[in-house]
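Both of the next two complexes hold chain A, though its partner changes from chain B to chain C.
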Partner chain A sequence: MTAMAEGSAPRSAVAHLAPDLPDRPGGAVRLREVAFPAQVELRLDDEDATAFGPRAGQFLCCGMPAPGHAAGAGDPYVLWLGPGWYLAVDRPGSAYGLLAGLRDALGADCGGMCGSAVDVSAARTVLELSGPSARAVLAHGCLLDLHPRTFGPGRCAQTVLAQAQVVLHQTGAADYRLLVRTSYADHLVRWLLDAMTEYV
Partner chain B sequence: MTGSFRTASGGTRIDRSRTLTFTFDGTTYTAHPGDTLASALLAHGVRVVAQGPYTGRPRGVYSTGAEEPNAFVQVESGPGEPMVRATRLEVHDGLRASSLSGRGRLVDAPDTGRYDKVYAHCDVLVIGAGTAGRAAALAAVAAGARVIVADDRPGIGIEASGELTVLPRTTVTGHYDHGYFVAVERRTDHLGDAAPARTARRRLWHVRARRVVLATGALERPVLFPDNDRPGIMLAGAAAAYVRRYGVLPGRRAVVFGAHDGALQAALDLLDAGVEIACVTDVRASTGPLGDRLRERGVTVLEGRAVTGTESGPDGILTDARIGGDIVPCDLLAVSGGWNPDLHLFTQAGGRTRWSAEHAAFIPGAPPRVPIDVVGSARGIPGEAAEHLPEGADGLVFVDLHRDATLAGVRDALQAGMTSNEHVKRYTTIGTGADQGRTSGVPASGALARLLGRAPGEIGTTTQRPPVEPIPFAVLAGRDRGDLLAPARRTPMHGWHEEHGALFEDVGEWKRPRYYPRPGESMDDAVLRECRTARARVAALDASTLGKIDVQGPDAAAFLDRIYTGRISTLAPGRCRYGVMCGTDGMIFDDGVAARLAPGRFHLTTTSGNAARVLDWLEEWLQTEWPELRVRCTSVTDQWAVVALAGPRSRDVLTALAPGLDVAAFPFMATREAEVAGLPARVFRISYSGELAYEINVPSWHGLALWEAVMAAGEPHGIAPYGTETMHVLRAEKGYIVAGQDTDGTVTPHDAGLGWAVKAAGGWVGHRSLHRPDTARADRKRLVGLRPRDPAVVLAEGAQLVAEPPPAEITHPVPMLGHVTSSYRGTVGSFALALLKGGDEREGETLYAVDSGRADAVTVTSPVHYDREGARRDGDG
Partner chain C sequence: MLLIPCPWCGDRDEVEFHYGGQAHVAYPSDPDALDDAAWADYVFMRDNPKGWFRERWTHTAGCRRWFNVVRHTVTYEIAGSYRPGDVPPKVAS
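Here is the complex of A and B:
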């Protein structure tokens, strides 16, 4: 994998909607894009997870998350996507190192890596939905119960929102990240903007 | 009937300090906030609010709530709505409504109002906010539960707080499995024009509840008698409620007819409100203490006697009640036969009701298999009630006012041999209306029981199904309409395509440019121009929608050998191979290219619409059949934007864009990592057009930059963008199939002319099925080419192929030999691909393609219409 070339700025899948995003500090609900974090998808089977999960977690300095949870508060952080299935996320431009480190952790250096590590940095658009009404906005389409008694900061889930597959990651009391496939990002953002009608 | 029927004071639900105006059937009236259309009309002495749907007989307000069988009206103001109960329609300034005869009119103007949906979860859902419901809700809140209270009335005497959600004007319409409920909240209907445009007019609630408290109360049921449908006849409890809640006298001189103490209590209430009681008659032999109280107040109380008929004026409105030989003038006949617990939501989820003589009603029996508590009147109101069925044949005895269905109909059903209440329901239509038979169901069961000489419990009630009342489609659609109806997946270059005049086509959820017409060009013109540009110079296609899967692991090659019909394990790193996947039945499932990036790593492509299914397919085999294989699959469809560059000049364009790539030494069916236009790229030299071609993959966020760079670098070579239509023409000219268009789940690789892509050795999915006698038949349909005899004709895709031109009059079945799968006008002229019995053995034969009554002579050819030698693959030198 070639490192990202200099001077070629990535372009957001929702750049054309940027002026419409409500991003007023203190607003009932805010939506903004978290631009271009590095993302690597990890797949391990159960045995691999036992043996190599801790190595990967050590490399990432945040451990590996339990089912339904995220690990790491800042960069990097790791989301549990399913059994033996993780998404490691780090600051923009760090995909090369992230990928190399994870491949090493999975035993690539001793030949025959277990599981897989794939750079998917450009596969998902990361959105941040926050504010006192953020949970109410999500409830217009999210079937999961996001009440603090059953969900909360540090939790994550793969689910469907606006007919699009999303990873929902709660980062604060009223802060959510939505990771969506870039081709669906335009649709999801327009759906969210419409869902906010009564809140902004 | 003139003068105001509004009392001087009182009315718990109305605000007498303000006056509203509304229009009914063209006449303007006044009302107070809190009035329903029914109470406001009664206050003005408007007795006729509807007509029977079949008899056309005038009908009046019969109840106060959801049980109303008569007073369905058409709302004409605002967005309009058919079949709205006047008993629940809150009057607002400017409301316009008109009477109906049991059928509403669909409003033909688009409803631009906002409707939305909410998914909610709670520990306890309380349905009904009467005394019992409120008590249950407060107890649950005190215990720390998350509680939702829903009631279809506007006012709920309970405040939302912390974990208590209060939903007034909300009807729970369905109780489904596992504590799942659907409810409709009417949020701004009552505001009329003052409704804020940004507020959803109605909201569909999807509620998951751990347990449910049904506090839905009990509904009054009528007693049957001849001519029981005249305006002025209403349920006795409702008559009293109009006085109490709205300060409205439903009449000035009343006859009360009942079969239980509830009727006597209603008579006392009406008396207290200042209504003259002409007499009270009860079918029971004794009326007990309540009867004594009425007599003490000077009311005539008849025992063991029934109303036997009614009289009306020319307008059909009640003037007298007949009790045997007595004729009693009255303008209100208040009737009450007992209380039915409202158990729709109990039985919808599988609960059973049972007849209780103690309650004279069907009460909750075996509960559904969900945690459910029935509280308050919904458990049944204790007290005896007499059964009564009129004997005489004078006048019509309506069992279901809403359906205009009579007791004579029930007798007819019995004459026809029916004994089940479900059969009688369907025969008579009793209980099938929008009111769900709330006032007719139990009387119908009672009548059936009496006529059959059985007990009511033996007859039971008919099955109640959701929804408990009609839900407008606009509510079900919510925000899933217009642009938000379905996701449109966009490639990173979508905006460029729009700016450059592309017309789009839907491919799965994707929007793909179909062609880019220039001013004055027809679709045929544009597609032919794009085809010629690709064949003669260079053209670019946005191929980002291709499904892409990253397959990694020490066993990846062995795995792919088992999935593809061809051998993948012999690929050298850096090389690609076309691959076909079959189902276990040996039929083509998908095709694409497998590229080996490293010994244990592959990049697969799939057809655009099949990406998710292929990934699921791989996962299914890995997880269920071959868990021992150390292979992991990851979707990278959205990671990569792809520009397909096709045409003899494509090498020049790539050379200009990728100075670091040895383009000259880049063989066909190979892949290279390179910097293209300054971007990190993965380039494949593969061709879906037959021309020299490359597919350049870059991270999707660079897709637009790559596309613009390709267009700029191609400009000196006359580059043009091309769309999916041109892609199809180019691939079809070469005889390349589209899985799902030229195949339909009955086509083997051999049938599609892809035998060369099938390895002899077994051990792969579908191999065994290809050795059945059926898949070896010589007369299987196989892929061929067709040329219409008339070159001006483009055959219809799907046209049937027959051996003889069809006769003018078809007298016998004509054997079908095959059908057209792809048909275009391309650079080679009009041509088609088809599946044909006997396939290539028929090359040169003349057949007929029949479609929509038209038959065109066609010549069978090779499926490859262009460059059969494959000379174009490496460009034109």
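Here is the complex of A and C:
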């Protein structure tokens, strides 16, 4: 957050719910927020993707993901949102460098940019849901089949969870990331807390 | 609930989509030549078959792309989906 006012810290969309989030190590299901991640959305047409996709992937050090998949194990990571549509996510505070690097990768350093790279850091917050019961909790309100035969680590999908649009990213055997619009985060966290009551 | 095959995302629940009506309704090739009745026909009038129907859907909550679906209006069976410009799946009459 570059525009931090003197003496006031940024406040995440679900900071007021932080004390309620079950985050006990070894719990059947844990929920935590990773607030203020840097996020840049990339849009490339087919031609641009062939020419500049690899450059963007190289800058991000994790390559570009295949359809329905994510790339990158730590920070940054990239999520496939649709054909030629990607979301690159990095540590809080790194949006400026992320954006500048991606714009250069798309040709801005050569005078003209192909595709678009836009800072959308304020659009979504990241929730991490993990534990042996995480998939059961998601099944209460997610329409996707998350069974290991159809979904697994490294997969991601834009879908609906409890009437809220989310990007669902499975990061481990029982670990999920939910990227939700900040205006829906309060609703989604309250819904998750309710769905989790029988497991925690 | 329909399970609709998005050409890019695979099978998804109906609530992720929005309906776009009949597919392959071509914009008039000579718009200046149309009178009001012809415009009304182009803008409002659509086929309403009892049987297979080619229709447009958009994956609103997913990849946000438009595509076409061949759906049976009586049985709700979906014969398949195809991207704009692609060949529709074959169905019996």
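Just so it is clear, the second predicted complex is superposed on the first by the 192 of 200 C-alpha atoms of A that agree within 3 Å, B and C clash if a C-alpha of one lies under 4 Å from a C-alpha of the other, contacts with A are read in each partner's own complex, and residues count from 1 in each chain.
To be clear about the criterion, a contact is a pair of C-beta atoms (placed from the backbone, for glycine too) under 8 Å apart; a residue touches a chain by one contact, two chains touch by 3 or more.
What you see is a predicted model; the values in this text were computed from it and never measured.
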Thinking of the overlay built on chain A, is A:Leu193 touched by chain B (first), by chain C (second), by both, or by neither?
neither
Quick check for you: in the superposed arrangement, does A:Ala28 touch first (chain B), second (chain C), both or neither?
neither
Give one of first, second, both or neither to describe whether A:Val160 is in contact with chain B, with chain C, with both, or with none.
second
Contacts of A:Leu17 with chain B and chain C, given as first, second, both or neither
neither
Quick one: classify A:Pro67 as touching chain B (first), chain C (second), both or neither.
second
Identify the partner contact of A:Leu143: answer first if only chain B is touched, second if only chain C is, both if each is, neither if none is.
both
So, does A:Ala174 touch the first partner chain B, the second partner chain C, both, or neither?
neither
May I ask you to decide whether A:Leu81 touches chain B, chain C, both, or neither, giving the answer as first, second, both or neither?
second
Chain A residues in contact: does chain B have more, or chain C?
B
In chain A, both chain B and chain C touch residues 143
In their shared complex, at which residues does chain A touch chain B?
1-5, 7-8, 10-13, 16, 36, 41, 43-45, 112-124, 139-143, 145, 147, 149-150, 162-164, 181-184, 186-188, 190-191, 194-195, 197-198
Within the complex, chain A is touched by chain C residues 8-10, 12-13, 15-16, 59, 61-65
Chain C partner, complex, touching residues on chain A are 67-68, 81-83, 85, 143-144, 157-160, 165
Within their complex, state which residues of chain B touch chain A.
114, 116-121, 146, 198-200, 206, 208, 479, 483-484, 486-492, 494-495, 510, 544-545, 550, 552-554, 600, 627, 630, 632-640, 673, 675, 678-681, 699-705
